């Protein structure tokens, strides 16, 4: 049964692990952890080149009502990323430069919101990155409760407080807190392998040969004409 | 880290509880459990009047590949509902009358799939209800693995194996296994209260009076002209 | 500047004119009044064969909040159709069988809502037709004000209180109160003309000849091969 | 270079072949011809149970202008299905009961239109089936040319005049004229094979065994828990 | 009843008021005037940093036909913004660099169009900003009439000739001509209040305290854990 | 009947013709060739200012499976543009910097894909332009066949191997190989005519006069008020 709560203390992922994940980027992490944790492709950065990684502080709230974001600010710490999801689809601008100012003063690194964002001229100047579903100047009320720091489904992904969020131009991915160290290792391995491939591909070698695909193609019966 | 598995044994919700939930319908259950667990509104029944409730057997699989549905059939039992979700958006027809025949022979009560379904003329005749995102004759391959009976995000809702699925013309709702008994009670209470209201409303009494809303309206400052 | 108000008294269109409009249907009326007043094509009836016409009582309200529908019920009269539009896109189920019971007891003939509706199994039994953008069991709160009986934009059309709403399987059209009589006449003329064409077309005569299109085709330079 | 033309004479597929294809239905045909030719899933019948097959007469026309449909009527013959596609996305109601009356008088069996349709209450009574992208009472003008009986792309599929269209509750598929006989054979083979499977599945045998999938699952490394 | 007209003379809002509104931006104006007048969020600038404010000259026209834009140019004056809306959804590119050249020569400041725009490489160089629903090279015909300087519904908002349009990266808002002076005042008050809040938030004070929200949270029953 | 093949040798359009087409841009070419060949407006460049023209090498492949792109690389030559289309709608990221490295080493000029793309931070640095339907880090498998260098329908347009693709900020257009020379001429004529108009428009002359539209307006019955 659903209850509205605000959980003050959550277990976070160590920031040094988060820095390492950030360096790999969304596409590599997603592959390295077995192709899971990616948020839906409609979650886009409000400016090109945006990049952020941090601990998820999660917010579930009603359509058109941002009361719980104000509640969440108080429990955020340096290195966090706020993750906001409404209980039904909504494109209202829940978030603008005032909330960004407040979060920035607490060391929060960015926002992921399955709804709208506004003041998108000011936010790049403030270097406060946002990934959102929409841009909209339509504001919200502050009337109804939701929850802070409970597991949420945001843009098709399950996100728990303290999980790692990495976001860049390719989108947003969540890494489970308990997997963070293993995903760093798997990502490093993947990057190493890809670098080797990249060099060979740059010289004109074919993926068909590098990845030894020709036999499988023949077995599947591809006809060359 | 994601691994492909098929979990054979899951804990299920007792079928008598499920029958009670079925009688309340999706809208009542959703309200009674605190407005959570509803699947996205794009999940629609393929025929009007469809109604089903059962234990979730969950399937996560790749876009355009229904291999894992065949794997899932084996672990289904009487009273189950199959819940299928692809790892990225896909409208292919993963499911048709052959799979329905197979599931029906095992006592499965329906399908909830965040993708496409086909043979929608035959399925109503077979009385095998389906809630899907799309209707499409486009088939699938059987090449890649996924998982059966792991927690999945389906149409914005987290569904775990053995949770209760209730689906009708209004959509689909999931009730956590551990909440099922409490939600039956809360739903019964809600129905009772609504019946009383319905009688008064039918006689022409106003909701403004029955629910005592006039004071709040005045406090909020509504002007009548 | 926007203010929240409830206008109790509105000028309505005489019901005998409304009955005449209802008989013509949406497509004819839309053409007859010069191709205006049609609501967006995503407004669909929740059951086939639904048909209604009445005086618009309008409601503007926030996303996810149906408080103002309860306010509107009180000012509805027999022969009205409730027209509801949120201030930003929302698919929540603002409306179900309790509100339908209440409206029906006052003689209201239907609902047009640019949002979601629920209890769609009960509403056809009650013969209370609804045209909506979505079906959703997701409920709403009752916290914030909006307005009743002010001009609203609903599904791309401007609707003023007391304008005529006609809705059928083809969609929803609004006729300005001051135009109602003229539109009845124009619709009748159109029906008469179409009946004559229909007879000729049924006998195999071509539209190219009946509507004398061949000359224009030649002038535009169509080549037959 | 594009030119506006109306091709009067096209080569058609024999009607007895078309009748055979109709009996198999869309899903079977699509599989039997190697999973090609399916129109996009947003093409839906305006009433459940609609079923049609015939020779394609194709129309390419501008958004909001149905002049060329009137031109096309004249070149239609008994057993044809009209296929209409605008040059840019449009939901206007290009087609209603008058055009249906005209087509029916010539023996045309149905309409496939990547746009809107209106008068959807009358069309089922007339038993004139339509598959469309939208329902809309919004009419069209008759001002600009397009082409009749040229190859068109309709809802993601290439359709040439005289190709076979089969349409049912699952959607719409096109079969190339030169493939029609071969697709009849391949469909018959598929139906036979599926009937055998259906019987075995109905008795409770598993697809995993009937289709011999267990070895592949093991090779791919699926873990049962 | 709809008639096609071109209104030459309209009452405009004084340009000094418009300059003041422009300085506040869309988000502030929308809030200041009571959260109304915002166009739908799908209206986006074709380049980042676009900014414009002016008197609305309105155009209603058919899908795929830009004849009336040419008519509208003649009635535009310096300081105007052209507002164009088709009578049914259309993404065609109604507008490109030739029309922009013509409008610019008359002192028109920008375009708001609920359809497509093309030549989007040239327009930023010309510093002619456009807010549109789509980018498309698909052109239009010049065959059918519509109206200029009548009230239109554009992207969910009612816009009358001579109303003020303000558009920036956050979207587009309309201010009624008669409200312009009052909205300037209300916006200034809002900016002043927000500046004070911004300073306090930047220092780390919480919105919960600045806006005195804690009592309401307690009254609503939020539980901290 | 559909068969999976890879066609090694295709007839290409001479590169000097392609360079000439590139200079005209998408909007001009589309108009000059009679308003055909434009891909759907949802095909957008991943970075502003992207521009490419080349010979189409086409790929048809399953949703979520990029095996055939690897096959296609081998048959690409300098001056080609890869055109990729899945057999059902899919937003997966089929393509990233490794494949771009490989294609670039062979002189391929860009990618047009009716699906997703990833690594969109690296691709602009590499100056490898991509037009896609989506951005997504979600990868693909390499399990199933499709075809290379067969005619495909991509984003509503028919594209044959060796046809010319031109893509810029306005979108993507295809020119038939046999039409390339004629389209160069028609485009040049159009540009010349438009230059003349542009000069006159820049001086303040009206399109109504330059294009002699006033008579037609009067004939159609436009009323000036």
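Just so it is clear, A, B, C, D, E and F label the chains in written order, and each chain counts residues from 1 on its own.
The definition used in the following text is that a residue touches a chain if its C-beta (ideal position, glycine included) is under 8 Å from a C-beta of that chain, and two chains touch if they have at least 3 such contacts.
Here the structure is a predicted model, which is why all the values come from computation and not from measurement.
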Chain labels contacting chain C and also chain E: A, D
Chain F against chain B, contact positions shared by both copies (same if over half, else different): same
Higher-contact pair (C-beta pairs counted), C-D versus A-B: C-D
Where chain B and chain E are represented by their mean Cα positions, the distance between them in whole Å: 41
Distance from chain E to chain A - Cα centre to Cα centre, in angstrom: 31
Junction residues of chain F, two or more chains touched: 3, 35, 41, 87-89, 91, 136, 138, 144
Chain pairs in mutual contact under the definition given at the outset: A-B, A-C, A-E, A-F, B-C, B-D, B-F, C-D, C-E, D-E, D-F, E-F
Residues of chain E that touch chain D when the two form their complex: 62-65, 87-92, 136, 138, 141, 143-144
Chain E residues touching chain C - in the complex, by the definition given at the top: 1-3, 33-37, 40-41, 87-89, 151, 153, 156-158, 179, 182-183, 186
Of chain A, residues touching chain E in the complex: 3-8, 47, 67, 70-71, 73-74, 91, 93, 96-99, 101-102, 104-106, 116, 118-121, 134-139, 142, 144-145
In the complex, chain C residues that touch chain D: 25-27, 30-31, 35, 38, 41, 44, 48-49, 168-171, 173, 194, 197-198, 201-204, 206-208, 211, 213, 217, 220-225
